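Before anything else, here is the set of structures, which you'll find just below.
Two complexes follow with subunit A in common, the first pairing it with subunit B and the second with subunit C.
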Partner chain A sequence: MAIKLHDYGLSGSCYKVRLLLDFLELDYEVEKIDFYPGRQHKSLDFLEINPLGQIPVLDDDGTRLRDAQAILCHIANKYDASGRWLPHDPARFGQVMMWLMFAGGELMAASAARLHDVMGYRLDIEAARRNAHAAFRILDDHLTEREIEGGQWIVGEEPTVADIACFPYTALAGDGGIGHEDYPALRNWMRAFRRLPRFQPMSGIAEFT
Partner chain B sequence: MGEFRDRWTAVGLEHQVEPGSSNPAIVDGHPLAIWRGENGQPNIWHDRCPHRGMRLSFGFVRGDTLRCIYHGWGYESGGQCVSIPAHPELTPPKTICAKVYPATTRYGILWTNLADEPSSPLPDLGPEEGWHPLRSLYVNCPAETTADRLRGADCGVPDAKAGNGGDGIATIETGSGLTLLIAIQAVGADKAGLHVVARGEDARASGQRLELARKMQRLRCALEAQ
Partner chain C sequence: MAVTTDQVVLNEWVACGWHGQVPMGQSYDTVIFGQEICVSRKGAEEYEVAVIEENGATGRTLPVQVRYTCIFTTLGNPTRPLPVIAEFDEDDRRIIGCGSVGVRTSPYRIIENFLDMAHFSFVHTNVLGAPDQTEVLAYKTEHRKDVDEIWALDCKFYQPAASTASAGGQMTDYVYRVMSPFSVMLYKNVFGDPARNDAICLFVQPMAETECLAYMPMALVDEISTPEGIIDFQQGIFLQDRIILENQRPTLLPLDPTIELPTRADASSIAFRRWLKAMNLQFGIYEKQAA
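What follows is the complex of A and B.
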C-alpha cells in the first residue's frame, strides 16, 4: 500500500490525518505507535523516523513527512482532485494557511492541557488552559463573524484542511479541563463538522451530538 | 429559601441555540444545559443527569428528547425521564426527573430564572420587534464590575452613550439612533457573559452587524484592560 500513517488512536494530531484520509476515502496502512505508556515515539527506532519524536508521520511512496498540517496539505494536494480541501485561489489559500498555522501553533495549548490531564505530562497546566482559552476566543470570534456573514466554515463556503486541523483539539478540550461554555459559534461549527459525510469519530469525540 | 435570587438572567442568543443541540452555560457558578428539540422549544436544565450525574450538556437530542451521553437515558421537555435503554420494557418512574428552570425569549435573547418560585418580571425595554442579534461574548471580569465599567468603556462607536436598562442590563445609544442592548450574565467570580442585540437602521445589514460585532470585541478588550 502506498500510504502509511504512524498513528496513535488517542492522538488528536494523528486524528487530523485520519479525518482527511477518510473524507477522501483513501486506503492507508497504520503503523501503531505505543505513545502511552510505551513512549515508543521517543525510542531510538522511532527517532530515526522523526528526530522530533512526534507523531503523526506519513510515508507516501518514498515521501516521509512529519507535522499534521504539512501532511494534510500533502494529501489534499496529491489526492483531492476537486481542490476543495486545499483551495488554491488567492482569496482563500492564504487564509487556509493562516488557520493551519494557528492549529499547529496557538491551539496546541489545548493539546498540552490534555497531555497533562490524561497522560500525566509535567507542564504548567494553568498557563496551558489560559492559552487554550485565548486561542478558542480567537477562533470563536472568527466563526461568529462567519456566522454573521452567513458562512459556516473557517474559510469560504466549504470545509477545508483548516477546519480539519482546528477540529480535534477544540472538540477534545474537555479532556484538558477546558469547557466550551464561552464559545457558542465554536460549538455550532463543531456540530456542523461532525455532520459531514464520512466523518469518523475518535475516542472522546462522539459521532453525533 | 432557595440559593438563587429571583431575577431573569440572559444565557445566550436565541438563534445560536440550534434545534437538535445541547449546550453548556454557567450562571452564578451553577452549571446549566440549554437544549432545543426539533419542535423548537428551548429548555434550560440543571446540567446534571438524575441517573449518575453526567453533564446533560454533553447529551444529544433525538426528536424532542434529550439523551444522556453516558447510559442513554432519555428526557422530555418537562424533565421527566421517558426511556432507559438498559430496560426497554420499563416505564421510568415519575420520580426520575431533571431539574428544570424556566426558559423564555425576548429581544432575541434567551433568559432563565433560577429562583425556586420566580415571580419577577422579564426585563422590559419596549416592544419585542426590531432587535437584531449581534453576538454573545465573555469577559474575564465579574458581572457587577462589568456593568460599572461599561459606562466608561471605549467601544469605538462614535457618540456612544452608555445607559442602564435595569438589573443586569446595559444599553449603548448613538447619535444615529442605534441602540445596543447588553444583557449581562453573571458566570462566576471573575467572568461575565455579554449577550448583545441591536436596534436601528445601522444594524439592518449583515455588514453593519459584522462591524458592530467587531466593536464588541474591542469593548471586551477595553473592559479587561481596566
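What follows is the complex of A and C.
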C-alpha cells in the first residue's frame, strides 16, 4: 500500500489532503508540482494524470482521484476506522456533504482572491472578495448558531472532513486581502481547529488571529 | 496612481517581470513607481519595455536588460549598473526563478525582512530557525563605498533545515549584500560543502509606495533536489514572510531611528536605513524628507 499526493505547498486544496493524512497519521509520498510559475498542472504530462489540470491528485494503491473533497471522503472512508471524520449516520452525513460542496464551491472565491494578490492572476478581484465575504458570512452565521447550541464544529460534536475542507481558504483569506474582523465565530472555530492534535500549519496561516 | 517625482528612485534599475512570463510575441502591462509600462517579448531572450501614456498610447521606449532570470528596466538615468552576481554564470549552478509574488508594503520592508535573522526561529520555525536557538550572534556591517553597497558579514545562525539539500541541522554562515534600494541577496554555505555558497536574490518591483512584486532568483549548488521541490521550498518560506510583512505598520519605512527602536541584531537594518537616508530618497518612506 502506498499513498502518493501530487502536491503544491502553497495550494490550500492540497493542504486539505495533507491535514487529513496527518490527522490520521498516514504515511504518504509527495510529488511536488510546479503550479507557479511553471504551470505544471496544465502540462501535457499532468493532463494525463488529471484532465481537469487541477491539484491535488491522490494515487492510492491503484486508485487515482482528483478533487480535494472527493479525496478527503476517500481517505476517511478507507482509513478512518472510527468513522469520526466522515460520519455515516443520517443526521450528519448529508450535512457534511453539504458543507463539503460549499468548501469546493462558494468558498473558492477566497482562493481566487489569493491567486490574484499573491501570484498575479488576472481576474475580477473585487468580485472575488465580495463573493468570499458572502461565503464567510454564511459560514460565520452557521458557526454562531452552532455556538449557541453549544457546538464548536461545522457538523456534530467532533471535527469532520467538512471542517477540514472549509479551513484552508478561510484561514488563508488574508493572503487575498480579506480580513476576518467581521467573523467572530469563524475566528473561534479556526482557533479550535488549530489546536487539534497533529495539526500542521501552512505558509500564510496566521497564528495570531 | 501618480508617477513618483522622486528622481533618486527613478534612476534605479528595477525588475519588471521574469523571463518566460509571456510567450514570444506576447506582451503584458505592469507598473513601476506608479508608471504604467508595457513589456513585450520580441524574441527568445529579447524584450521591449515602453511607457503607456495616460491616454493609453505607447510612449517612449525604456532601457531593458534580462539577467538573473528577471527583466529589468529603468525610468531614469541609472547611476549604478545592474549588480554583478558571478554565481549565476558558474556552469554547475542550478538557476531557478520563482516567478513573482505580490506584497502590499513598502519595498524597503521587504528588503529589511530579507536581511533579518532574528525572525527565523519564530516565522520559519523548524526550517530556518529552531525555537530553542534564537540568538543572533554579533555580526559586522559595512558600506562598500567603491560599489555603494551595504554588506553584512560573519552572520551565523543555527538552521534545522537550511535548504532542500539539507539532511539535518547546521550552523549556517550568511553574507548579505544590498545592491540597491530594491535589490538584495545573500550567500549561505552549502549543506555538506563549506567551500561553496548558494546565492539567493530578492529583487523588488515597486509598483507603488506600498505595492510591490518580489522576485527570488537563485543560483544553487544542489545536485539532488528537483526544481519543483526547490521552488516549493522557497515560495513556502516567502509566504511565511509575506503575512508578517503585510501586517507591519506603518507600511511605509520610517528612517527616524526613534520611531522603530533597533536592537543589536538589527545592525544591517540600521546600516540600510542610514544609507537610504543619505540618498535622500522619498518614495516609500514614512517621513517626507526635505527635498
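To be clear about the criterion, the second predicted complex is superposed on the first by the 204 of 209 C-alpha atoms of A that agree within 3 Å, B and C clash if a C-alpha of one lies under 4 Å from a C-alpha of the other, contacts with A are read in each partner's own complex, and residues count from 1 in each chain.
Throughout what follows, a residue touches a chain if its C-beta (ideal position, glycine included) is under 8 Å from a C-beta of that chain, and two chains touch if they have at least 3 such contacts.
Just so it is clear, the structure is predicted and the values come from calculations on it, not from any experiment.
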Between subunit B (first) and subunit C (second), which does A:D141 come into contact with in this model arrangement: first, second, both, or neither? first
With both complexes overlaid on chain A, does A:G94 touch subunit B (first), subunit C (second), both or neither? neither
Could you look at A:G105 and tell me whether it touches subunit B, subunit C, both or neither (first, second, both, neither)? neither
In the superposed arrangement, does A:H180 touch subunit B (first), subunit C (second), both or neither? first
Looking at A:G9 after the superposition, I want to know if it touches subunit B, subunit C, both of them or none. Which is it: first, second, both, neither? second
Considering only touches as defined above, state whether A:D34 meets subunit B (first), subunit C (second), both or neither. second
First (subunit B), second (subunit C), both or neither: which does A:G151 touch? neither
Between subunit B (first) and subunit C (second), which, if any, makes contact with A:G83: first, second, both or neither? neither
Which parts of subunit A are touched by subunit B and by subunit C alike? 206
Residues of subunit B touching subunit A in their complex? 12-13, 16-18, 21-26, 60, 69, 135-138, 187, 191, 193, 206, 209-210, 213-214, 217
In their complex, what parts of subunit A are in touch with subunit C? 8-10, 32-34, 36-38, 40, 117-120, 174-175, 177, 202-204, 206
Residue set of subunit A touching subunit B in the complex reads 141, 144-145, 147-150, 179-182, 184-185, 187-188, 191, 206, 208-209
Per the contact definition, I'd like the list of subunit C residues that touch subunit A in the complex. 18, 20-21, 97-102, 104, 213, 226-229, 231-233, 235-240, 242-243, 246
